[in-house]
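Take a look at these structures.
Two complexes are shown next, each including subunit A; its partner changes from subunit B in the first to subunit C in the second.
Moving on to the complex of A and B:
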């Protein structure tokens, strides 16, 4: 699995990534995606990551980037 | 000054396999060796829209981007943080990724868009990949006087990385197909 920018989160990240890849191929692509089965793992992983992002000082940068990209992405997918 | 270019590639694999491969691109040791410029990948956000069935994901990607010594002197670092936003529309079978740098923005703006759609000539079996990249050195930055040179160097590096990316994708697609033989989507 790819490394996290927060090494302390690597383990939970790997569990989440594995869950996501399985869910994507076996459920989402077959139209059975009503439940987001990996939500619990993601929550744990994200809270581990939040700490590290803050410490590295890039949490603000990322929030701003996410806000500006959401709209333009929706526009482009319409094409 | 902006350097922009577009590329197209046909994957002779179904859209489901290609998009699954895209999610796996930065994982596993062999791929990591090929795509050694990608240091870290983290999922920041992940949302499934129950009504539209669209999957929205945001990831933070850390890239090792060493420039020539004269760029390194000005920019001061070899690491670039990027954000990749992805929308997968499972119902209409379309996936789009947009990656932008969020650090080094006072020097450079890079945006790369990739789309994966079923190939019009063979929608069940092939996938069309369209990629558009734009590189812009900020006009008032310390790099502005050598903008053209730096943009050219970046473009060359990106093209090299695209080739590696496609290699990795083809490798994963073949692996996924051999795994799923007998299972139809």
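Moving on to the complex of A and C:
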């Protein structure tokens, strides 16, 4: 599996990734997916990751990039 | 603004290709990708589309042609650097398409690169389509905004000077570096260099997908994970850095890898 930016989150990331791949390949791609079954693990992984992003001081940059994505999309479509 | 575009086809079913997309790092063509994290993922209950936002950290090297224009403290020795890429993906398995968009998060003041891909299930798209085929169209857009901020700032300063004719010794010094550059030509040089590079990176991306797809065919998801482990060992050396991550399920393949 791909590594996390934050080594301390690798273990929970691997558990989440494993869950997601199983759900994605066995349920979603076969058209029987009422809901994402890995939400609990994702929450744990996210809380570990969010803490790391904050500590590294890149949470702000990511937030801004995600916000500007919508703006530039509109800009590109016009051209 | 410059645009590079290319099309390719994979002889695999659409679902398999989307799975490979999520599993594509690491692969032998992605040795520059250091990490991948999922920032957000949700299933839209109305459309049944799956939305994913991921963050990749990539090792990069600023091309010499661009390096020459940058202040020295912006990059490491020889232009070595790492940069973040934000990737958004939407999969619609029912309609048979996947849209992806990746953009650089730093350097956007120098060169903003946006790569968009559209994957389409060819088995439902057209008459005469084959059983297992997925088309992929890639478009890379480069916009260099180099110097735009400086021009804006200069204009603001000029306006400020009209109101208050105070001395501006330090501003003239700062302008010196940029005044030597003809911004328009720098912008187009940067865009051209970006275009040249992305032809290679799009090709590498497709080759990486093919490796992951063939591993999926040979051994399923397990096969891909074993392949990743092998790639990582080759890349990092078997120095224990990744042993914690791969403690589980390491039996026969680890013996083979550590030889």
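We adopt the following convention: the second predicted complex is superposed on the first by the 69 of 79 C-alpha atoms of A that agree within 3 Å, B and C clash if a C-alpha of one lies under 4 Å from a C-alpha of the other, contacts with A are read in each partner's own complex, and residues count from 1 in each chain.
Here is the rule we go by: a residue touches a chain if its C-beta (ideal position, glycine included) is under 8 Å from a C-beta of that chain, and two chains touch if they have at least 3 such contacts.
Note that this is a predicted model, so its numbers are computed, not measured.
Novice: Following the overlay on subunit A, give me a clash-or-fit verdict for subunit B and subunit C.
Specialist: In the arrangement built by aligning on subunit A, the partners subunit C and subunit B clash.
Novice: State whether A:21 touches subunit B only (first), subunit C only (second), both chains, or neither.
Specialist: Both partners, subunit B and subunit C.
Novice: Pick one for A:62: touches subunit B only (first), subunit C only (second), both, or neither.
Specialist: both
Novice: Give one of first, second, both or neither to describe whether A:11 is in contact with subunit B, with subunit C, with both, or with none.
Specialist: second
Novice: Would you mind checking which of 62-70, 152-160, 170-178 or 242-250 on subunit C runs into subunit B after superposing?
Specialist: With the two structures superposed, the offending stretch of subunit C is 62-70.
Novice: Give me the intersection of subunit A's contacts with subunit B and its contacts with subunit C, in residue numbers.
Specialist: The overlap between the subunit B and subunit C interfaces on subunit A comprises residues 1-6, 9, 13, 16, 20-21, 24-25, 28-29, 31, 33, 36, 42, 45, 49, 58, 61-62, 65-66, 69, 72-73, 76.
Novice: Please name which positions on subunit B make contact with subunit A in the complex.
Specialist: 16, 19-20, 23-24, 26-28, 32, 38-46, 48, 50, 53, 55, 58, 60, 62, 81, 83, 85, 87-91, 94, 96, 98, 100, 102-103, 113, 176, 185
Novice: Taking the complex as given, what residues does subunit A use to touch subunit B?
Specialist: Interface residues on subunit A, with respect to subunit B: 1-6, 9, 13, 16-17, 20-21, 24-25, 28-31, 33-34, 36, 38, 42, 45-46, 49, 53, 58, 61-62, 64-66, 69-70, 72-74, 76-77.
Novice: Within the complex, which stretch of subunit C touches subunit A?
Specialist: Contacts found on subunit C: 1, 15, 18-19, 22-23, 25-26, 33-39, 41-43, 45, 48, 50, 53, 55, 57, 84, 86, 88, 91, 93-94, 101, 103, 105-106, 112, 114, 141, 221, 225, 228, 242, 244-245, 248.
Novice: Which of the residues in subunit A come into contact with subunit C in the complex?
Specialist: 1-6, 9-11, 13-14, 16, 20-21, 24-25, 28-29, 31, 33, 35-36, 42, 45, 49, 58, 61-62, 65-66, 69, 72-73, 76, 79
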